[in-house]
């Protein structure tokens, strides 16, 4: 119980800080960074839902975000659809495309083939984009995408993204702790045993594809409305790498891991700008180091620390009791 | 209640099962034995829907379940355990049982009943990866029971257990059978254990039925002794 | 030649061997009996380095080999012929046999050993250029035994060589093993379910049950009944 | 007709280069079941090293190739021993090696970028001039490329068939327990396989670098083509990869001729999907 209080207390403090931050003299730049943190942690958390919880080795989640972002951008720019509609629509479109084009084939495949299929899927999107220049803007991308509401400033975008962040994390938390989440974990831990206990393998795995792409697509939509533009480079190798780094750094298969990872990477990446062109080199090295030496990520450190503190507290209190 | 008719299963050229037939009565404990590679586990995998049989039919309570998927078969009332201890190691003991209760039985409270039945309350919240072998096997059994099954298939549940643990496990199996009226099919290497536990048994050899009948007759059966003891050994057994 | 002492082995959490001790002397044929699933194959795998033991010692020709990787044990002249055969399916019979002579010390004797393999298994000579995936079960068993012989071994451990074979094939395999012992003076440790056949060729037997050695007897002293009783 | 024949020839040329490039990928997978997601960069490193020796230091072509191949061999072996080998012992090795090699690929790509800069490079042609027979027009250089690839693949298959190490690699590919039983040191063979595959891949990078321009990022495009090729030919199959590369090279050339270059990539993707869905074991299957 003590443990739970400690954690919820910290979450309340963190949430309160984020709520008040714009009034505590946050610069426009820092608000921008927080917006990036909100969006990327959603992308990372959904990716982790597939990779860490359901054991589906997807490498294509940046592509889901691209589909969502472009759908919202085109809807808003070419058809004048308001932002509160483009976000769910973009999520739905992404979910349908991904479930049909990736989920259904992937159910027939195993291991390395899913990684190959999803990577090539995401990799082929830029060439699709350049070939549909009329609506997607080709290599130039889409610019001046309408914001959530006319005259939106950074603070407005900040709060909208924060609310979106809270909603999506709440959904993911509920899913992980629902029977569906249990089914994901059961399938990951021991596929055949779960199957023989009545877990419908195909249905549950399809659900992961549908849900994860829905939320990631919506995140893409929020991204374009908050920041105003999207282009093939937004979805290139760098964000791909950054997101992988977030999940691995934070801790695969944990709820808080990807969020912590996103925080460190989004803000750390800004410091790394000082390193100039060496930045990607360092990121690559970071991923390699984590996988080789700290496969549990930051969360594992924290849990280990927590256990140590607990043990220490116990030792101190037990003689008295 | 349960019948296997002329089941065959081949993997490419390899014939793992050929024309296996047997029936199991309501509330019976039915044993299956046979040397390594005789096809026992393949038979379980075919029944539980992991493999589709090459030919033959399987009936459960009058329904043809030959080509049903494992999750459908489970919801019809057939549950199973695996030879290798395979609990869901990152889930708690209770959640392990809940997987069976929610997806197999669609009745969440079934998990609590099983928890009590198997006396697992003490380890309720322990992650399954931190359990000893005996408890892991109980958890696996519990998850299967939580599906509210009518037929339970146990694949070498006693392998690796000590004598005391085997005794305890046997008592539990008998209790499940008598108190809950669950029909049981059990694969076991220890023939003496199997003979004392079951009234009827099937012995497989090279994918074929070698013996099917009363367990008490196994030790006297010439062909069984031949398989277990080799070519000329059988002659001694008949005395 | 081979002395195993208090060997303990686990598969994950599952204890398969509980302090097993046995020994095999130069020139002997020793049979290991026991019901299925009681640790016989695991014992052979532990001796040849495929399944690292958790405790205990294995001495082969005076040197401790427990815990060494398989390739180093094979280089010391100990060959294991697995029940599962583990042939190289997309290679020819001849290529499989040549690979049997992979250890350095075996390369000088390739010619001699190949002749001997073809001498005891003439059928392999006929099929030398056939792919192993096209062989019958009995022929594949012959390749597995032949491949083991090619390693210029001094102790041959054979795991259930007759399993799954037709009666005729079984006889051929047992004859070959007898020939290996008589003509090459090879020391052999054999696991077998065909008790009668194995008894006829063995000097000593061990009976293994529940991961332990239940008893040891001289080959001529024991009756099939006694073993039979231990099985049931 | 003229165009068609010329397209066939150009398809044959790119097909053989792709074959050389995909071989390293399939060799590593075949023996160790590690899928090298950093494959493209390995080819790029081989090409850049050779370019550097040739253009900056003026080393003769043959020696430059030999030196960079020696480097690739050591690089492959060391990379295996220090990183892949410990990863293979962990439970989730299949995907963690994928992620690791992705990270390593990006790291190496940027090292190349740091060292050699972003400007495109090209390895000079081996021979100048053109062969003209009727309407046929082929660069002597490209003809030579095909010959080199043919010789290299022949040498490689002889190595697998007759050398002790090559046989051991095939043995490990077909049955690891079988290989252990005959006394093969699995980890050593894995290491040598990485060395060999890095040499083959680096060499293919040199050949590609003489036909196409080099930049530090070009490896990803090569690698994705390599993925399609090995999936098409069956993961782990060397002959499958060669045949698949030739087929895809020809398809690419013909598609460019009749449909235009923008359709090349969608066709690769569709072929990949179709193969994956209908025959995940590849069209040709078979092991090393």
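So that you can tell them apart, the chains are marked A, B, C and D in the order they are listed, and the count of residues begins at 1 in each.
Rule of thumb we're sticking to: a residue touches a chain if its C-beta (ideal position, glycine included) is under 8 Å from a C-beta of that chain, and two chains touch if they have at least 3 such contacts.
It should be emphasised that the depicted structure is a prediction, and the values quoted were computed from it without experimental measurement.
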Tell me the fewest steps from subunit C to subunit D, where a step is a jump to a chain it touches. 1
Could you name all chains that are in contact with subunit B and with subunit C at the same time? none
As a test of whether you follow the contact definition, which chain pair has the most C-beta contact pairs? A-D
Centroid comparison with subunit B (C-alpha atoms), farthest chain: D
Per the centroid of Cα atoms for each chain, what is the distance between subunit A and subunit D, given in Å? 34
Separation of subunit A from subunit B, taking each centre as the mean of its C-alpha atoms, in whole Å: 43
Using mean C-alpha positions as chain centres, tell me how far subunit A is from subunit C in Å, no decimals. 55
Can you work out the whole-Å distance between the CA centroids of subunit B and subunit D? 49
Scan subunit C for residues touching two or more other chains and write them down. none
Complete list of chain pairs which touch one another: A-B, A-D, B-C, C-D
Subunit C contacts subunit B in the complex at 11-16, 35-38, 83, 160, 163-164, 167, 170, 192-198, 223-225, 227-228, 231-232
Can you check the complex and tell me which residues of subunit A touch subunit B? 179, 182-183, 185-186, 188-190, 192-201, 253
Residues of subunit B touching subunit A in their complex? 48-50, 69-71, 73-75, 79-80, 82, 86-91, 95, 98-100, 102-105, 140, 143-144, 147
Which bits of subunit A are touching subunit D when the two form their complex? 51, 57, 59, 105, 108-109, 111-113, 115-117, 119-120, 123-124, 127-128, 131, 237, 241, 244, 248, 277-278, 280-281, 283-288, 291-292, 295
Residue positions on subunit B within touch of subunit C in the complex are 35-37, 85, 132-133, 136, 156, 159-160, 189-192, 195, 206, 219, 225, 227-233, 236-237
